Amino acid sequence: MDIQLVRTVNGEVARYDGRHVDEIRPVKITRHWTSAPEGSVLIEAGNTRVLCTASWVEGVPRWRHDSGLGWVTAEYAMVPRATSQRTQRDSVRGHVAGRSEEISRLIGRSLRGVVDFAAMGENQILIDCDVLQADGGTRTASITGAYVALVDAVEWAREKGLIARNATVLRDQVSAISVGVIQGVPMLDLPYPEDSTAGTDMNVVMTGEGKFIEIQGTAEHGPFDRDQLNTLLDLAAKGNADLQKLQREALEQQ
Amino acid sequence: MDIQLVRTVNGEVARYDGRHVDEIRPVKITRHWTSAPEGSVLIEAGNTRVLCTASWVEGVPRWRHDSGLGWVTAEYAMVPRATSQRTQRDSVRGHVAGRSEEISRLIGRSLRGVVDFAAMGENQILIDCDVLQADGGTRTASITGAYVALVDAVEWAREKGLIARNATVLRDQVSAISVGVIQGVPMLDLPYPEDSTAGTDMNVVMTGEGKFIEIQGTAEHGPFDRDQLNTLLDLAAKGNADLQKLQREALEQQ
Amino acid sequence: MDIQLVRTVNGEVARYDGRHVDEIRPVKITRHWTSAPEGSVLIEAGNTRVLCTASWVEGVPRWRHDSGLGWVTAEYAMVPRATSQRTQRDSVRGHVAGRSEEISRLIGRSLRGVVDFAAMGENQILIDCDVLQADGGTRTASITGAYVALVDAVEWAREKGLIARNATVLRDQVSAISVGVIQGVPMLDLPYPEDSTAGTDMNVVMTGEGKFIEIQGTAEHGPFDRDQLNTLLDLAAKGNADLQKLQREALEQQ
Amino acid sequence: MDIQLVRTVNGEVARYDGRHVDEIRPVKITRHWTSAPEGSVLIEAGNTRVLCTASWVEGVPRWRHDSGLGWVTAEYAMVPRATSQRTQRDSVRGHVAGRSEEISRLIGRSLRGVVDFAAMGENQILIDCDVLQADGGTRTASITGAYVALVDAVEWAREKGLIARNATVLRDQVSAISVGVIQGVPMLDLPYPEDSTAGTDMNVVMTGEGKFIEIQGTAEHGPFDRDQLNTLLDLAAKGNADLQKLQREALEQQ
Amino acid sequence: MDIQLVRTVNGEVARYDGRHVDEIRPVKITRHWTSAPEGSVLIEAGNTRVLCTASWVEGVPRWRHDSGLGWVTAEYAMVPRATSQRTQRDSVRGHVAGRSEEISRLIGRSLRGVVDFAAMGENQILIDCDVLQADGGTRTASITGAYVALVDAVEWAREKGLIARNATVLRDQVSAISVGVIQGVPMLDLPYPEDSTAGTDMNVVMTGEGKFIEIQGTAEHGPFDRDQLNTLLDLAAKGNADLQKLQREALEQQ
Amino acid sequence: MDIQLVRTVNGEVARYDGRHVDEIRPVKITRHWTSAPEGSVLIEAGNTRVLCTASWVEGVPRWRHDSGLGWVTAEYAMVPRATSQRTQRDSVRGHVAGRSEEISRLIGRSLRGVVDFAAMGENQILIDCDVLQADGGTRTASITGAYVALVDAVEWAREKGLIARNATVLRDQVSAISVGVIQGVPMLDLPYPEDSTAGTDMNVVMTGEGKFIEIQGTAEHGPFDRDQLNTLLDLAAKGNADLQKLQREALEQQ
């Protein structure tokens, strides 16, 4: 793409899709998108679209037996034609791609960061994030959507009497957003055309209290300094606050 | 499920979801559901929901080089929580499950049955059918939806000048439907609760002309005779005619 | 091969190997071909040669525990040089080929269609069909031979007192044959030169009573209509009756 | 088995199957057992039965390109019920078992030890040894049978004009036999009941000239000394001479 | 371990191994530890011991052809008994573990962050980091050691005339260190006993200029705030400066 | 390499590295090279360098349950750049290479040949031999080093009271050495340049008593006769005696 990613209009920096540098893309969170899972959320962030399901499973893995504690884990994948070029299925290749497994682990850690495992009892919630369309920010959209599916699965279990009526299983909200430096300008929530040209790219997972659960910043194409880091973290804090408002609105419905 | 699958009302056989024995489920075909693929169709048949994409790829596999002929192939998979119990991902298991591969081959054969490969030139169309929710009939819904995605990919290529303006790449329509014998009664289009109790289960792939491309009937739980076969084929002919009408309506839009 | 597959002699259709259109190839069934398995049959159908063994195994898979029911399953494979071109071993490729797994599942379903699992108790019979030479019809020869091996394994178990003296484990015979349309002419029992040029190819598994357990017809290279289907099924009925006579003769010996 | 492996009759040591300690089992070598391969031999040594095929393949692996030299390699496998207990297929397990690969490599090295690669040109002969029934000595029977199949494949290529009319592709014969120490007594050609109780077990591959190509002796269950080694090698020399006579007789026919 | 990880002595915080909170473990960098690789470094950081080799390979992967640019990539693994409990080999498990692949990717990105690919020409340097003993910080020790091996490989290529005499292939130094919060106290360079109890754990990759190439902070066991983040980054800056001094000293020798 | 492997000096045969034909390379055995394993030995034989660890694991594999007997098994691998050309990791290839598995099995058998399993109780010792630098003789160095690690693991268990104070777990010493015929001259302990040109190559595993546990001789590039075999075995006996003296010296040191 030879579009101009960053334009300056009246002295203000603007982006090729018209957003401000500190503005997230339009986000739509649809709960109960499919009916089988205990939690099922379709999250759309710009053109990125991820189906996040949460499956309640009795019992925990062997290494967790007799701990009295539950467990939450996640798997992330893309359908082959989520991307502009078709990608080979992991199942055909014979193993989960490193990138997929790395993101799966990130999603799991992010959600576990707000879970009280004692309140779950010895049960598991398995999160599946299947990217149906990818336009940047699929891992952060997965976390943001999976949190909502996780809430629904917890409430399902509460209604079934599988967890205590007044147990606080989720200690806080959790959401994630990307930030990056494009042509020297720090920006919030990068779609693919921006992401692929960013010198620095960072994913920031934050709680409702504004604390960090995970920061993953990489600058393979140009190291960044402490000042840039601080600007990026400010942007991420704003973006996560916006997302968490949308999560709350989605959860208040129905 | 101990629901009563077949009720007799005034001498007529009825089904647990109120359909007649020769009635298909409500079907919705949404084209362009995602924007990256050359063809992208979300097909919903009752609660079964499949994303069918068609990817145009220049060139053909090595064994097809210098033949002047194109190729069409397909891959079928389910997201883990398409089903009421979560199923393990093929990628985690390390290979494509036999069932998935068998269905992938069926979809590919069914579509190839109406393709004129010479008209395609040495190009491939890769079909991906990802089941997002499964309630019986996922393989037949995949074929029915994939045909529409295939048409869109062919037209995309025609507009790009990749195939001749007036070439007839698709010689006919193709759709598929299941039929089966439940408690002795032949029926059309079985959702999961019926399918799982059927003595005989048959998938029938037919062209717009009403010819057969594939018949796969299995009676592990009770052999069937020639009369039953004939009744089942009559039902399948009606069901496929209904589906093909819906395919045409979807393709006439926009 | 540019041999003439179909010749017309005196107004009658004849085949390149001299058979009539409704004639099966010479079949030889050798029981006890190896001595270790509970059932061991070498079946030769024309040049196709398959070693079918039946292994009695105490106990059933986990999902079948405490059901009081037995289980029958099958695996199909070819030695690399069963074919005119050597094919790579599945073990070297790292997984069972889709085709092999599909045929394995077909053989298993076909045999299970005549088994009374309650009469077996919680035991398994594992069928292995290893194709030593392939000249078309390997899957149908496998089913036909495996039935005989299955009978021998059941009788072995009966003699050992592992199943009741008068239990009817096998409710009926089962055999399979291919039919197809070659240059417009429906024919019975296709060897490889015919099979590879057939427009329509169908495998029909039938019981001794003449009922269907499985019909798999595919017409990737030219859809077929209802009349052709009926002719093919008539041929299959004749072929299976002939095979079942040979099965009975083999089982009467010794 | 609690049979008495070694009986002393009139001061002489005898074996449970009546053979002398320096006597090989009855061997039957059937050439052209299947018709597709360039060489196809069924070798039976006692109850051990191996199908050895030799496939002529034009061209050599990449690392051998432009060397002017041919290549010979081998693969060894067992059908699941070759043994008294069924063994899982390598293809199901997902990789070639270490034992199979080890034996494949041994067979390949043994045959290559007598091949003049320059005389073959840049062509390959692929040997497949599929054990249909296993009663000890499967790897040595494979080598002995594969040599005969190799001769037939070479002669096939000579007749086709693919190798020079008077080229000596095979510089010598090659055969193999097992020897071992049972209850302190060195013996020739161990069937499974003897092999499984042997303290020392050795496979000896020899040329027609009586030289060694491979010696593999293992004494996991009781180290052996130099005198025992010498006795074992004397037995192996006799056994290989006997086998080579049978190879020559088989090759002289037709 | 129920040792006291953090003790307070005279108002100052001390650690179970006596270090100050801002003190790295003793580090030893041995160049040319093995002789085959172009770069070969044994790095010891406390009890952690990693063999880092750099292999110069002519040519680049296919996707990089004709770019005029080189490539650097890395693989990370542990010997099974690097850890207190033996871990299964990835090769036995049948695929690279997610953790190993994730670390491999991190090492690769970190080194690529300082490489000028144009100066390398179309060549690759493959880094292998094999952990021989693991006591925390294996991924950061790998990066720190691999940088030194990378320098040696570049100089080897320069001496061979494979890269230009005065080309600046490495634009800067790179090293990495872990930081974390233990019982509320931010600390530098965590050995395993500290690492396994840390609420927050962060790996920081920095250049000689003090810029960031990668920050990976995770707080599965207790989110952290901005102030803690700042303290951790200050510690990491000190640790990396110390490590880079040791890298320079090692490279000045011989 | 076109170096002269064998020179004749004053009528005596000498080797390119100056050794006599019956002389082993300098060997250094370092115990406790890493601290986590129960036995940890770095063995250096010339430029060959292998890390041998012995891990004590409670319990035995399922097939050994309730036998009262222990088990010893081994795994062998190379780091990718142990060799002059980098080799791909088995874990990346997706399975253990045949060569690695074959050597793993050899090491296991060799060690088991001197173990009294009853004295171990139902426990396992897992040997890992990781080749850090390869210059010929890696499998024999692995056996020789692993024996020392095994002794240390047994003594560790004895001190922990896991095996009886006076139990003789190891009935004898065990070591291994290679011999071969280079340009017609039998020689002891071949480094890679000699090994790769040897016509005959043999690995000989011997006990302290001078008995054989394993003989693996292969002559793919030129069969050998009985006289040559005897000379090779004499050389191997001398080499193993030398190695066993070094093992004892290493074990006598604290």
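Labels for the chains are A, B, C, D, E and F, by order of writing; each one numbers its residues from 1.
The rule is short, and it goes like this: a residue touches a chain if its C-beta (ideal position, glycine included) is under 8 Å from a C-beta of that chain, and two chains touch if they have at least 3 such contacts.
On a predicted model such as this, the values are computed, not experimentally measured, just so you know.
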Requested in this report: Quickly list, by label, the chains bordering both subunit A and subunit E.
Outcome: none
Requested in this report: Using mean Cα positions as chain centres, tell me which chain lies farthest from subunit C.
Outcome: E
Query raised in the report: Taking each chain's centre as the mean of its CA atoms, how far is subunit D from subunit F in angstrom?
Result: 28
Query raised in the report: In angstrom, rounded to a whole number, how far apart do the mean CA points of subunit C and subunit F lie?
Result: 52
Requested in this report: Report, in whole Å, the distance between the mean C-alpha point of subunit B and the mean C-alpha point of subunit F.
Outcome: 60
Query raised in the report: If you average the Cα atoms of subunit A and of subunit B to get two centres, how far apart are those centres in Å?
Result: 33
Report summary line: Within subunit D, the set of residues that touch 2 or more other chains is 94-96
Requested in this report: Please trace the ring of touching chains beginning with subunit A, moving first to subunit E, and write out the chain order.
Outcome: A, E, F, D, C, B
Report task. Flag every residue of subunit A that touches subunit B in the complex, lowest number first. Result -> 34-37, 40, 47, 49, 51, 53, 55, 57, 75, 77, 79-84, 86, 89-96, 100, 126, 128, 130, 132-134
Query raised in the report: In their complex, what parts of subunit A are in touch with subunit E?
Result: 94-96, 98, 101-102, 104-105, 109, 112-113, 172, 202, 206-207, 209-221, 223-226, 229, 233
